[in-house]
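Below is one structure, written out as structure tokens; comments come after it.
For clarity, chains are labelled A, B, C and D in written order, and residue numbers in each chain start from 1.
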Amino acid sequence: MTGVRIDLNADLGEGFGQWRLTEDDALLTVVTSANVACGFHAGDASTMRRVCAAAVAGGVAIGAQVSYRDLAGFGRREMDYAPGELADEVLYQLAALDGLARVAGGRVRYLKPHGALYHRCGRDERQAGAVAAAVRAYDHGLAVLGAPGSALLRLAGEAGLRAVPEAFADRAYTAAGTLVPRTEAGAVLTGADRVIAQAVRLVTEGAVDAVTGERVEVRAESLCLHGDTPGAVDLARRVRAALGAAGVEVAPFVAA
Amino acid sequence: MTGVRIDLNADLGEGFGQWRLTEDDALLTVVTSANVACGFHAGDASTMRRVCAAAVAGGVAIGAQVSYRDLAGFGRREMDYAPGELADEVLYQLAALDGLARVAGGRVRYLKPHGALYHRCGRDERQAGAVAAAVRAYDHGLAVLGAPGSALLRLAGEAGLRAVPEAFADRAYTAAGTLVPRTEAGAVLTGADRVIAQAVRLVTEGAVDAVTGERVEVRAESLCLHGDTPGAVDLARRVRAALGAAGVEVAPFVAA
Amino acid sequence: MTGVRIDLNADLGEGFGQWRLTEDDALLTVVTSANVACGFHAGDASTMRRVCAAAVAGGVAIGAQVSYRDLAGFGRREMDYAPGELADEVLYQLAALDGLARVAGGRVRYLKPHGALYHRCGRDERQAGAVAAAVRAYDHGLAVLGAPGSALLRLAGEAGLRAVPEAFADRAYTAAGTLVPRTEAGAVLTGADRVIAQAVRLVTEGAVDAVTGERVEVRAESLCLHGDTPGAVDLARRVRAALGAAGVEVAPFVAA
Amino acid sequence: MTGVRIDLNADLGEGFGQWRLTEDDALLTVVTSANVACGFHAGDASTMRRVCAAAVAGGVAIGAQVSYRDLAGFGRREMDYAPGELADEVLYQLAALDGLARVAGGRVRYLKPHGALYHRCGRDERQAGAVAAAVRAYDHGLAVLGAPGSALLRLAGEAGLRAVPEAFADRAYTAAGTLVPRTEAGAVLTGADRVIAQAVRLVTEGAVDAVTGERVEVRAESLCLHGDTPGAVDLARRVRAALGAAGVEVAPFVAA
């Protein structure tokens, strides 16, 4: 298993003002890439700055977790943006976070869309193209983190950006290698052992067992972990430990 | 009058979504510095990008017109921010605009607070210090545009930033060299001739007649013009023409 | 032409804070029903109260122009709301406006969805049903104003609410009696004479000529007029005058 | 101790969208009056409706916890509102909650300002008068809950509204009977026993020991309990039990 390497990413800074959601400090000791909310679905300026400072201190790569402008819906409702407006709002969020990251001694290294925008960018070429164009216009050295096979990763690659596919330790996969939708039973794996086993297998074999039993290949450079449920941080720690025990090197996919 | 030089600044991009307020394109043919709204009192991302592109095309310097977070009140209501929160929100706005400016081929060159924040920063050292600290942390090469004698300009200077005082062609001055508050009669000069005469005198003599009749010195490197009232753009054009006729060079106070 | 009667409705109060869009005072002298924005796509509390007071003074019926929560997009972007959330936000807007209307001496008499919600409620039974359920829960005496043949009007009727179909004086119709989409050429009628003629024909004959030439029946109890473009108020006045000259009684479809 | 009676109030529904703050269901089994957030500092429509339904089911009186429009600052930053704008925004919030309460089978019975508005209304007659005028215009049968000696309670009384003073079980008092500001040491009582003892004494004796040792009278018809800190609900339960053990009847100050 020499040479096997993986990045661990999680959503961070998803509070707003008085409200908190993610256990930012604890997660920053586990993950190697931080998807920092940029203010449109969550994330106020002070939280963004604080998370960036902690990420820099911990050697964690900073990514812009951009979203539709939808605080009330936490960015989980698909919206029909005109591509130009979407590109401009992505730029706004990306630049705002990059400024706070630079003041904290770091830089934004990648972008990952949040929630409904993430899903929409899987299949909608106009929105995915707008996101890729915004990243390209801002800094062609940035990576884009997203779903394998998504329109976003394909268009990001075509725009000359590094496209980084991710997998999920705690989500069930179809035989086609896509996620079982959350609306279906069994979409989310329960039981820490199953999650840990899938994480290790994803990284060391590049494959999982689909819900229908078949072995399916899933190529990923990063594993997405969740930090917004009870026990999530503890589970993330155990995933990381299991990967280490399996000889996997856990490191950011870009220099932090 | 050889060598006399002045900058003309105006607030731009003060629409939001469907709404418009300022005649951006017309004003950009008159002023040399554009105070671009950054989204907190006005200014959506697409408007910001469009104004930046037009400013770059016209050789107009781009400034960040930062504000309290108050769309409903247009940033005109004083708010008791904690200094740290204010600094972080100023950074967020400044960085967002700078990103859109860079994509448009330019850069943010200075910052000017908007509305209630402008006034509060005249006297409140905690808020003024927070604004100065944010600018300093982002880029010590940026200038700060504000009121002569304000806490903001003093603290910006102490932070090593260039502090640029401005004057108003259309506002009445007290014998102390401060603006007559808008709540008092006669605060705003009426009649294009009076405004034009005060503009020329401010620049060529560094002085105006106070409402009480005394001559009072007002040292400014920029004149603030308004673009949100009927006839405002036409008046701005006449002010610029009169300055030219008086031998004054109209140019940005920083390289655009 | 004895006994022919029509309501004229228009969107009002579509400013927000410092911004204005609609010529509220002028339109209130022309229309008989006012679709008042409720704060989610436009409409601050002071504007709502002011428009309600003027509507009461002018005998104009007050309607709640409810929307998705989307100030930046002016409610023109379709959003995937969960039905329960949509119903609750419709109730919130409806009740807020009703409170301001009551303080002004009136009451909300009907509801009309705005923008993308209006269009979505034409075909999406879950969202249309949520809107109808919210109105029903608030006050079963309220009417719902919408597009003929829409899911909303059908479900409102099934819920026991009065369903009021509207037509457009300035929009082209297909042979099926639906509006030509705005994305197609010729969707909006140009020329005051054509608009006025279509208005009169819609009311007196219950029909229009489709873009493809056929005569098509359009049954409406209200005509929607627009007030957000130059000359719109003048055109609205001419439409009303032409209806009067044709013997049509212009009056609210509900008691104001 | 026959006949002694007190209301217990707490802030509820202070989440927004995905975020939660208060343990609404648990608190509703303890308090007799629920100060429900109305959307301006916290409180989305679905949360408001859900809390109202639970309050109705539990016989808890519903109050409108109105605020400045400041989600990012949780309504804790003083703002310079024009009185007319403040009155209109209070009406908007009050009416929105009342609509959701009515759909849930109840009614809003009182109003209590939140955070910075609460404090400002203690001393600022213009803002306090605007709040009282809004309540009076909406329904003169509503009560206003606030601080003893505040401008708000005085002006509410002068407007013919019932003015209900509250006290705090967990806050230290000055010899003047006012709260020790949170910025000072010892402002918040620590230790459940001290809090419980002060609660019982406030209700049974109408007095507390000031921080400087003197006995000071504090007349209150309601005790404010907090539900946003760990252990808060448990402490609230113990306060209620201790009041019961002391022979105090715990009941809403208005019919729910």
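Please note the rule applied: a residue touches a chain if its C-beta (ideal position, glycine included) is under 8 Å from a C-beta of that chain, and two chains touch if they have at least 3 such contacts.
Only a predicted model underlies this, so the values are computations on that prediction, with no experimental measurement involved.
Two chain pairs, B-C and C-D, are weighed by contacting C-beta pairs, with C-D ahead. Annotation: the chain A:chain B pair of sequence copies touches via predominantly the same residues, more than half of the used numbers being shared. In terms of their C-alpha centroids, the spacing between chain A and chain C amounts to 43 Å. One simple way to say how far apart two chains are is to compare their mean CA positions; for chain C and chain D this gives 40 Å. Multi-chain contact residues of chain D (touching two or more other chains) are listed as 44, 72-73, 85.
The part of chain A that touches chain C in the complex is made up of residues 69-70, 72-73, 77-81, 85, 116. Interface residues of chain B, counted against chain C in their complex, comprise 15-21, 42, 44, 71-74, 76.
Taken in their complex, chain C has these residues touching chain D: 39, 44-46, 48-49, 84-85, 88-89, 91-100, 102-103, 137-138.
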